[in-house]
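Questions regarding the structure given below will be posed in turn.
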């Protein structure tokens, strides 16, 4: 009796997962998306607990594990928004671990009492599950470490000669072991631990040559792998819910990483093997060009007389946690009837959608967060473009200089505005490690200082003036 | 790289499906069932497990189509919460973990059950933190307030 | 050996079908869509022929049937574009017939040698297949007949008291028989022919009360049913290709009929049970208002001096086959540097996309076929709006008069243009049977006559003038 | 109306899946297979045919998601050819027709085979005319010619 119920639960759960992702297409329906996702997961778990063949005396351990998971999970959701990438990476590590452990359990179960030998189809799927799961486990841990800037994990890329050859041959050996396991699982049984160890090792080695700043793309890719390992688990267990949910997850990771690569105008290969952000750092800041600078007070006065102000935030705003001060500037300006819009570049910051979350946190209505493609045609009408801690995403070299390493990357055309105010601490380059001609543009005024402090002062001057 | 993986695993799966049709357990089912099974059913499938594998491949392919389509239309505004939401969804692996932890693999509690339990704890961590943080972020997205009536 | 091959063929075929529909999203990839569809179908057929269990001596009959199908099918694809709706309907009839016959065969096969009793799941699916198949068969034949205006099928709605009650109880009886068949297929075996006959009858009765002009929506709905019957067949046979392709087809029919209903601002229920286009015809043409009319020569002169001309075609252009003459007008105007656009209403004509196909046939580049939502903001800048055989789709009452039966239907706002030229044969109303105030507008000039003749004359005057 | 049908058939299918799990043939398979089947597989599915039905429902649901998404994005320009294209696609019923026409349902050629053959002819008519007319229409859609170099 209970089995059709379980299957029905899985079917409904799958539908709910799909709706959850559908509803993410607009902020207004997005909270419903979470509800739908939670309902789907609850149904999946309840359904599974009702499955025949489970031993009721084991449920106390299951409950215990669930409690432990909750106890760890709840505080993990309290991290500050700046730590979201690390949290996601850590979470993928857990996901990979779970998939990998289930794979190991399934492999050894076939020799245990009541176990039945796995077919070739199941064995291949199982190998994929274990490989992807453990690779995701260590890879994500490394990624989280690099992002958290842990001391014992170098966040800069570590490269050595023949690195790719070593990595690929490790992977080759692992795959070869898998093939032997598929051909005769009983005979080559002892190769299974080798596969596990190689997967764990490969995860570490894969991440070592990648710079900390490329981690967001890597995390997305690892998300995709976690999804695929769930798919593989579904193939082993003949469970369609796992296959569907895993495939949804796999596509999500893939698409996000493609979006990031496109917005950076780089290929997957370049991200994974390019050791970006290492070589080019050297060439920055050579000639001596003229820089015009201004105080926050000047900036405030300029802005008072504008009718359209476009604010372009970047990684610097995130680091400085300046979003609340920026909100004050926004408030002061809109109070005077000045139209303020935010120009959001798809890869501003260090993860996709980074700026949106920060500004939403500071209560900026999302209608004023305008995508790159929509803000660019408006830039020539813009009186003041306030660039806060953004650098690469407004670098005109990406558009004009075919020799630039970021040439071809789409940018927000801040240089088309009538006046550009650039807030940053120094003339240091950004993520890509290259010079930005925008700062030497004759329409540009540099406002040096920490983004939070400068934005705060601008807001204060604006407020002071209005109360005068 | 990822393309390599996807292609590789898909290929592996397909090959395995082919190989399995001649593997002992599949053909056994086919033979024992042959007498009673109608010509129609024989025509449509020579073995139950083959049919199962095909079903799974269909489900995988269709789910990937759905996934790619749906994700491509997620608002750019919400890419950060999307990451944590799918992160939570990937923890469906909890289903497999429960089946392992609660199953019978020998006398009483075995080390296999323990593995399953650890996997449950890991997955539940993911689920709880993933959904909570997604909701926390989404709560922050607000429309412009209409102050004047 | 051959079975995995068959299943693989089905899998690839399914993927190709999906790509076929994906590629229909743009005219540039659309021909690839047909290729992909053909490849998918070829794979499906070849795969099926390789299935184990087929008797080779039967292949000659299969081939014969295929040849007969081809011989009928090829000429059917040569019909003039005006007859496309009828052809589609006829084709659905074939589809429904095929599904129904397969269902019947499957039902009786279980009692034949080697047949095995169908389970409940299969029997319910089989009943759905037979019901939907035969209903689609007769319903589509009726629809085709009404569209072709065959004498013995009244194209106006035939209604009588209690019609809906009769129809619904017929359906109720059929469903009740199905339930009995599912409960005990062997005992209630004799009810199966009853289900078939009721389905055939229901198809006829369902269409009788619907007016000929509502047929496009009905055809779309029947398309959806044909798809669903293929899904049901898939459930009976355990064939996933049938399920997927059928579901794709089912969604397509559903969405197209929803689009049509929305664009007409009517509900499904209204289309199916409303007997539209019968009652309202009476109330047309009451008051005596002033009409201004013009000759084709006047029209040509007016257009010569325009800088933006929007042509709004409608059913009249299709009836008169005037698209090639319209193309001449377009050529003459563009030759003089006048910008010409076509304003395409989603339900102009008698099927979705009707105008697009006709104008494409006349070699108008598809970039100049502008959708309603995009052309409307441009209408105030439009110097001349040339309405050719369109009526309801430009009726301002749909926007302004809450009492009008078509109130709420979106329209092309021809009345916002500086001058409106309306080409039609008389002051008779269009499909909805209601008066159109646009014709009495003081900016409007009526050019009476057959659309083909009038457009031809306009083109001649334009050409004559330019060669003078 | 159509909603009624869709909902009705879906409900019927689900109920049938439930009912079938206790019907003779399904439980027979489950019993005969029980001894050799692993706890895992037992946990995941109590009968092969149930699994099959579930797979079909999954496939149907996912295909419907894909279909609705894909069709909604078809260019409005092409709605007429879309109608004839899907018309041709609905003729996949040819697959079922061939299996009926070519199958063995008694001594030699039976009336059941004849039904199948008629169904083949009908489907092939659909396929041929549907694809040909779609292509004919699509051929007519042209971009603006760039006359000047």
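The first chain written gets the first letter, and so on, giving A, B, C and D; residue counts start at 1 in each chain.
Throughout what follows, contacts are C-beta pairs under 8 Å (C-beta built on N, C-alpha and C of every residue); 3 or more make two chains touch, one makes a residue touch a chain.
Since this is a predicted model, take the numbers as computed values, not measurements.
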Distance-wise, how many Å sit between the C-alpha centres of subunit B and subunit C, to the nearest whole number? 39
Taking each chain's mean CA coordinate, subunit B and subunit D are separated, in whole Å, by 23
Subunit C and subunit D: spacing of chain centres that average the CA atoms, whole Å: 22
Multi-chain touching residues of subunit C, meaning two or more other chains, are 18, 51, 53-54, 106, 109, 114-115, 237-240, 244
Among the residues of subunit B, pick out those that touch two or more other chains and give their numbers. 17, 39-40, 43-44, 51-52, 55-56, 58-59, 62-63, 65-66, 70, 99-100, 102-105
Linking chains that touch, what shape results: line, ring, star, complete or other? other
Sort out which chains touch which and give me every pair. A-B, A-D, B-C, B-D, C-D
Touching subunit D in the complex, subunit A uses residues 1, 3-4, 7-8, 10-11, 14-15, 18, 51-54, 106, 109-110, 114-116, 237-240, 244
In the complex, go through subunit D and note every residue touching subunit C. 1-3, 5-6, 8-9, 12-13, 15-17, 19-20, 23, 25-26, 49, 52-53, 55-56, 59-60, 63-64, 66-68, 70-107, 109-110, 112-113, 115-145
List the residues on subunit D that touch subunit A in their complex, please. 14, 17-18, 21-22, 36-47, 50-51, 54-55, 57-58, 61-62, 65
Using the touch definition from the top, list the residues of subunit D that touch subunit B in their complex. 39-40, 43-44, 48, 51-52, 55-56, 58-59, 62-63, 65-66, 69-70, 99-100, 102-105
